[in-house]
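In the two complexes below, chain A is the common chain; its partner is chain B in one and chain C in the other.
== the complex of A and B ==
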């Protein structure tokens, strides 16, 4: 494996900029008078633009008991407005050769279109329209509610792994709404109605709660003129309150669960720990955890892969995951899928042993260098994908970070030391903050507790 | 043991009424025009009254992130109003030879005074005053916040068993606010302020969200006149909305936790299952669970005591508990405190075996009769305690039940059959709905998972 990376470095190494700063020098940001934040990422290699509006409102901003309303509203935003009929938005985008979509997560809801650069004004006009003029019918509610429930059926109810992860997440958070699934609890989705949708819309859909991101063949001045024309007239919501979520209390005892489902063909162990997220101006710990996940589980040379798949062959797959872009405390996760004949308690013990050995042995310097090189390479590649770059800013800004934080992040990642990674590991691997789950088929003696 | 109960029956049996209906024939109920519900329990044996106001607002009605505000407000209600200074309320009660107190739970906040019957009007005048005229100072907030935090320190932080039960409860509820402690999470209590208190007060403290309960030496007509005079003029809150909590999603995997604390001298195992509560007009299942808890864990002749303490001597203490008076799904719990030399996994296995044997063997008819006899006796004794009787109505009415439900309850308990108990046990003992917790001292090999 090392050979592959060496060749990779030889081929691309010279092309990598010394600092990631160069990557982001075409990003500008400004505010409209009504409080709408604007981010422009210039990229003139193709005559296209990505136009995105992100709301600082996701599933974790929902009222208790109305889970799924953020995602439901995302669907309903493709219905009519006072001047456009249902579905017209998408038809106009398509007729102009573009494509559009939307996404909902814990911390945000986002809408995007990719179109020829000269259609940017039209996109803004339509997006501004549905930010304030959404007009739903009772029929819209009934039909689209069926759609989201069917989406839950397909994505969650029919997938024991998804159900398991949902229950795990609910056990991970004792107080914070991150324990509630983005798509919603089914019994609450069934009760979502027009009032719920409009209350969420009226509360959160306003220019002072939105971030406009335009990436592509356009200048900041052009965007400013168009944004002022289309979004500028929209009134700010004067009742918008600071975003406050319920923090976790101290977690004082590990939660464990065995999730049994006859549909499970491949049992596995998943452990997640509550973990700090990237905070504005304080991204160092999250950077160390990002590298820790790579060191432990990032590919063929990672610690878990080497120890558990190659050396002892106790696992057919291992993984470590962490996503620091989050408004509130996130998760650091470990997964082991055991080899045939290894039961889940043995797999968990092997995982724990591998992590303990890693904490003793420390970080392999050459591996860390390879990972940092890859991260720098990824920064370069991201330049070629305006959509991905725009999403990166959208996720970060709706998670409370700034453009400066996004731009500082690559250098902060590069500055992480072996000691930082070990310190972060020792801090985050606290079983009191953990949920350990077994996903397994029907009960067998070896996994019954 | 059986002999003791036989004597008990001989002594008191003839005095027990055939039906519990006779016990409640002096209870009347009516509504004031502003929506305030009134319950009068006549008892003329002593010239005293208990005066209670219960609000349909407890800790589970708090906004997310402001845990503890219901209880904090309960404390603050003893501060001043527009016409009375802080502490004056209690001083007047004492000066009139009475005593007063208050209590907060998940579903209610209640205030009571016990005074001579001729002071009832004065109590109403003062309670009506603080229902609408509470006037807090910034100093009140600061000093009383210290008090509730110190209360948490003493009751929870210094008691590993309380911390354990708090974490267990948070793991029991995946979605419902019953997972949040009544007293509040400490980090949220520290942030509670005047706005939080007044928002809760303005939202919930109004006659149409209150229940007046007067028990003692007074007639319904006298109470009606006084209540109309003092509470009648208070305006209803027109914005009061139906009480909606977030229901639990299906619980699909047992949660397990090992709570280690060096202060724990006596380890134990506690398992709780999510369990149905008493519902208006549908109390049969809750009645069966009430008797199940008695059959399993109610005293010296109970199943767990007999099997685990006397026969196998694996435990020094066992218990089963269930409280059906709850607005939403409640818990059914089992506890085993093992004998010296029995580790917690062995104790849990012994507990499971005892329950499994019970499900096979069924309910002992003689034991069930003894329990029913005791329950009837308790109904009789309750007549002698106006305070306890008034609390029973207050708890039930704030949990969504009616006076008729309270009055029907004793007969519903008496009608429970052995088959009902076994059916309820089979339904409630579903490990998917359970949290199994070990409370233990510092980690030792036998309890490490």
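== the complex of A and C ==
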């Protein structure tokens, strides 16, 4: 497959959230007295572990006007504490042959280290330390703020596709903070300060707002002992309140946008709809949407690929994407990259026609069976990667789901029928909830020499 | 005939106690050699194939032929057209990935134990009997052309392409393996057939597997998969000596952040000083916040989100390179800091403390790479291409430990050449003079 495919897969990440039934035997979960949730995934093939702490705090939990503070704090967590110098955390991990990093999203912030199994206690000791003892200097703030602005330059400002997706997301949400970029709006990032960082830290970084996930060559009992020793003594935050985000009002009007940038070489159309997410105990609709995305856009035999790339040849690339693991309403998206000579309105019309035909024709039974078999196979492949499994649990638990929900998910996916998929499609494809975006070069061609 | 076996059992002597990684050297009945780590606890296998030469074997005037050919391997073969092949692959839940690079075509496959024979038969057709149907060729060609147009406006790609053109000139390394709009438009079905025959040959294939399969089973599998490929193919390209001069090459591009690639000549993978250079580079610009470039450019000055340097031992050339991005009004300062650090390490080498930290990191991190069937198979096939023996996984950390402060000082002085350090910058950099490279 040529590179274009890989590029888009990377950008839009419409991967199937697979799960692994056989893996369930290896997963244990318990709660510390201070409210810290613990998940242990055993994999004894190699004497390594990944140690992760996930906070139920992401960019969508930020105070209005301080966009980017969740991610900025994630960077600052690698500075000093009352017991350790700036950078010492990373130095100790490296000196033990480990790797560490962190990530921020809308619903969570996570920190991880991958080390030899016998270093787990040391990692816990250090992670517990920075959960409560962070100590920042004014220089940390000034220098690291430059770093996150360069990060924004690299990820967003230098990439018209990223700018387009940022604008698209802002248009998708009329009121909910999912419309604000994780990395922050540049003008607000420039103003972030020590008080913003420490306020977010004090509010959200506490054991009763954290999930510990350990995956690898370790038993649940060993983790319990170590976790009680290192995280057990930390006090819960008594002022922690349930996560309240502003709800979306009814969306009554489709939003349409054209983003022009001279750096765009290949125009395309992206349409997203507001879509329901997986809810605890109620994952059926999300499962149907997950399969809908696969049926429409999951690879070479999918409906959009067949109709638009193979049959009419109006597109060089098409995709459908949906990620149901989200605390609040998520998106279902469609993309068409038109063939040469097809303009964006014609491409959009072709996309709409293909979807309309699909709703008429229904789901190909053989395709659905192949998708379900692949999902079952993923339960085998998934066992090869304990890190990925750990992340799946982290994303789900910070999106309000339970371990039981994660473990029920594969069976719920298998139970989805053609009728479920078509019903979900009819419900989600409502243009009043949609943003339709064109990414294109300037309408007036630049004068060339 | 029973597969011939030579098993090397290794207890990797790393910092933490480490598990045994048993690498079996398998010779198939038809004489293919492969490395295997048998790990039966999960019922699937990861298989890695490499065909040495890759896109550098493109015939004159046919730039992009290998890339397009590889893109078509999964677009119809044997009795199946593109959709038929995709349906069959999905029905088996097999995962086939075909990739191309300057020095190799890479095929990565994972398949379930329960339908292994069917998966291998399907994979074989894609390697041995690709159809290159006209409609598939046109469809994939359009995708490749789209990618080329995007690359032409992507600062990250432009900077790499400009650097390659500067140092490699008209060697195959000097141009993008995707080809140009013109060269790809001109490729014919015959060109693809010739590329397939010339690149995917038995005399240049490297094989590794990890997972739920025995040595005998692997031997038979390989024979099924590869025996019908041609015995030999195209001649490998010539080596090229890298020569650069200090200075900056600016490629104007209207974007807020300048992207820079920098470098000069490096060391061959089999050079006796390669390990020392590898250790030195880890202290200079290897991963992590410990490295000097990251510390000086990001941690102290906030000039970038990330900066790295790396040795690039290709089959026919070797480089020491680096990469960084800073806002247009700050890239000049970044380049100054990088040049200073280059000079400083060339003169003073590294400190005892740095060397000790780099060693503990490298030796401790090495065994953590062997995490899963896919990664293990990839490491094994890479070792073969680098002409290493299976016991390298044991001796590697000892080689790291053996590097002395004096070694690093000597190699730093020889390898780091501030007078040859060339920067290529794409963006609208402020305060940077373009200095001709010759």
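Keep this in mind: the second predicted complex is superposed on the first by the 422 of 449 C-alpha atoms of A that agree within 3 Å, B and C clash if a C-alpha of one lies under 4 Å from a C-alpha of the other, contacts with A are read in each partner's own complex, and residues count from 1 in each chain.
Methods note: a residue touches a chain if its C-beta (ideal position, glycine included) is under 8 Å from a C-beta of that chain, and two chains touch if they have at least 3 such contacts.
Only a predicted model underlies this, so the values are computations on that prediction, with no experimental measurement involved.
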{"item": "Between chain B and chain C, more extensive residue contact with chain A", "value": "C"}
{"item": "Partner chain(s) touched by A:251 [first = chain B, second = chain C, both, neither]", "value": "first"}
{"item": "Which superposed partner A:340 touches (first chain B, second chain C, both, neither)", "value": "second"}
{"item": "First, second, both or neither for A:187, with chain B first and chain C second", "value": "first"}
{"item": "Which of chain B and chain C A:163 touches, first, second, both or neither", "value": "first"}
{"item": "Touching partner for A:219 - first (chain B), second (chain C), both, neither", "value": "neither"}
{"item": "Chain B versus chain C as contact partner of A:175, first or second or both or neither", "value": "first"}
{"item": "Interface residues of chain A shared between complexes with chain B and chain C", "value": "none"}
{"item": "In the complex, chain A residues that touch chain C", "value": "1-5, 7, 45-48, 78, 87, 90-91, 94-99, 114-119, 142-151, 153-154, 157-158, 262-266, 299-301, 306, 309-310, 313, 316-317, 337, 339-340, 366, 370-371, 373-374, 376-378, 380-381, 383-387"}
{"item": "Partner chain A, residues of chain B touching it in the complex", "value": "64-65, 67, 163-164, 167, 170-171, 174-175, 177, 179-180, 185-188, 244-247, 249, 251-260, 437, 449"}
{"item": "List of chain C residues in touch with chain A within their complex", "value": "14-19, 39, 41-44, 67-68, 71, 74, 82-83, 86-87, 90-91, 93, 95, 98, 110, 112, 135, 139-140, 142-147, 149-155, 178, 254-257, 259, 288-290, 298-306, 325-327, 357, 360-361, 363-368, 370-374"}
